[in-house]
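In the two complexes that follow, chain A is the common piece, with chain B as its partner first and chain C second.
Our next item is the complex of A and B:
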């Protein structure tokens, strides 16, 4: 197979994009570790919102992370076979539940982080 | 009114004469909107070039014999309507990821070997005595595996799978879907016999959920679903207490 096999179809391109999302997320986590180290050196050394590059990079990585989560949760209905009272829960309900849990978890974590920041 | 015509470009390859496959063009009448690619190939063979080789049988989408690449997509040639491509040329090539025997005919030995390895039949620890009658199943029990039983072994999924294209050792979508069909069948008791094959590195774990197999499947089997559900089930069997239960 040629190395450009994934360019043949839109579905393959989206698949490669999905798989690629792990790279910027890993890179962001490494950079985040650097920021944590700087935070350990005291508030004078730590001002991440003044590092324009980190903010821009974070926004880009956030887009990749969102796409990663969206594709993963969208497929949950395919992967999980949930039975309730002997009947199979429709895949759409599983997906809706996953997205709802994602939204709730995001709100809770955001509230905690903002609360700590204040 | 001028007769409507269509160009078919078909792969020609004679291993005794040719060093590589090539495309040969045929300009044929497109007389009927219900014509499919298989009709075009049959016309070519009957009226233009009798040496063109290809597989076909039922011509109604149930035998799985006529799988080919039609304009780069794996399709059953009996279900690919010319009207969906006209006036563009229709490029017909042998299924991707399989060695070519001749023209549009591929060597399916690897698939047959993989299919056999998952033991796609009812396995019983002990047969019921004849006097006990037939195995009875409720509609709900049949619904558990019915979707995966629709596979016609056409190999379009193998052709669409880039993982199989990159690594021929991969067990593949159809074999895993059929293994799941039998594992979910209430009459079957052969799960532990199939596990070493399907839960292997070259089994379900080689799949990275591209999902194209389910897109091209002409019978709605959804082999991608079968593979991901098998991954989850085998993991739970391994991790949960009493995971090695029968």
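Our next item is the complex of A and C:
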């Protein structure tokens, strides 16, 4: 099979795009590691990143990360078979629960990141 | 006796649990789940809203960043997040490379490179978290 098989159908392109989301997400987390490491530079030398290039990089990574989250949480109803008191929870309820969990986690993390700032 | 032992070998073989597969799959699945739930908000707040000065963010200021990074729970959270994410990425990227037609990525050397990479990132993360800011309970 030619290595370009995935360009034939939109469905295949979206699948490969989803697989590729790991690259920008890994790149952003590596930046995050650098940001943690830079805290050891001392107060005089510490300058947070704020260049336009960094913001554009983050916007691209955010788009890929959100696409990964959306597709993952949407699939949760198919992947996860949840049983509650002997009855299988309907996939729609599982998906709704996962999206609610995403919203709660996002709010809590945003609150910590913003709340502990000055 | 010999027939019984043959039978027992035959019946046991197909049920041998793929423990290595289970181990990588566990890390892959949980890494995927955790990054799906928490990574977008980190990127949005720390990578976009903070640098654009729309909201104050903890890592924009040395004092607050060091204070938060000293918290042991934050260190544990960051270790779990970064480590699991990279095990997820390693598994995903290995199959991405296979899908692109490079079937060598299924082999053991490729597994050592991809999962070994995740192990290296984990060790570097542990080193950074332990050496950058001392643990502080205050």
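Going forward, the second predicted complex is superposed on the first by the 112 of 118 C-alpha atoms of A that agree within 3 Å, B and C clash if a C-alpha of one lies under 4 Å from a C-alpha of the other, contacts with A are read in each partner's own complex, and residues count from 1 in each chain.
Convention: a contact is a pair of C-beta atoms (placed from the backbone, for glycine too) under 8 Å apart; a residue touches a chain by one contact, two chains touch by 3 or more.
Note that the structure is a prediction, hence the values are computed from the model and not measured.
> Look at A:19 in the shared chain and tell me whether it touches chain B only, chain C only, both, or neither; answer first, second, both or neither.
In the superposition, A:19 touches chain B and chain C alike.
> With the two structures laid over each other on chain A, which partner does A:81 touch: chain B (first), chain C (second), both, or neither?
A:81: touches chain B, not chain C.
> Using the touch definition from the top, say if A:110 reaches chain B (first), chain C (second), both or neither.
Second partner only.
> Touching A:93 in the superposition: chain B (first), chain C (second), both, neither?
Neither: A:93 stays clear of chain B and chain C.
> Looking at chain A, does chain C or chain B touch more of its residues?
Greater contact footprint in residues on chain A: C.
> According to the stated criteria, A:8 is in contact with first (chain B), second (chain C), both, or neither; which is it?
first
> Do any residues of chain A touch both chain B and chain C, and if so, which are they?
Dual-contact residues (chain A): 1, 6, 19.
> Which of the residues in chain B end up touching chain A in this complex?
72, 97, 140, 162, 165-166, 208-212, 215, 222, 224-225, 228-229, 231-232
> In their shared complex, at which residues does chain C touch chain A?
Listed in rising order, the residues of chain C that touch chain A are 32-33, 35-48, 50-53, 55-69, 78, 81-82, 85-86, 88-89, 92-93, 95-96, 99-101, 121, 124-125, 128-129, 131-133.
> Can you tell me which positions in chain A touch chain B when the two form their complex?
Residue list for chain A touching chain B: 1, 5-6, 8-9, 11-12, 15, 19, 75, 78-81, 86.
> For chain A, which residues count as touching chain C in their complex?
By the definition above, chain A touches chain C via 1-3, 6, 16, 19-20, 22-23, 25-26, 28-33, 35-37, 39-40, 42-43, 46, 48-51, 54-55, 57-59, 61-62, 65-66, 68-69, 72-73, 101-102, 105-106, 109-110, 112-114, 116-118.
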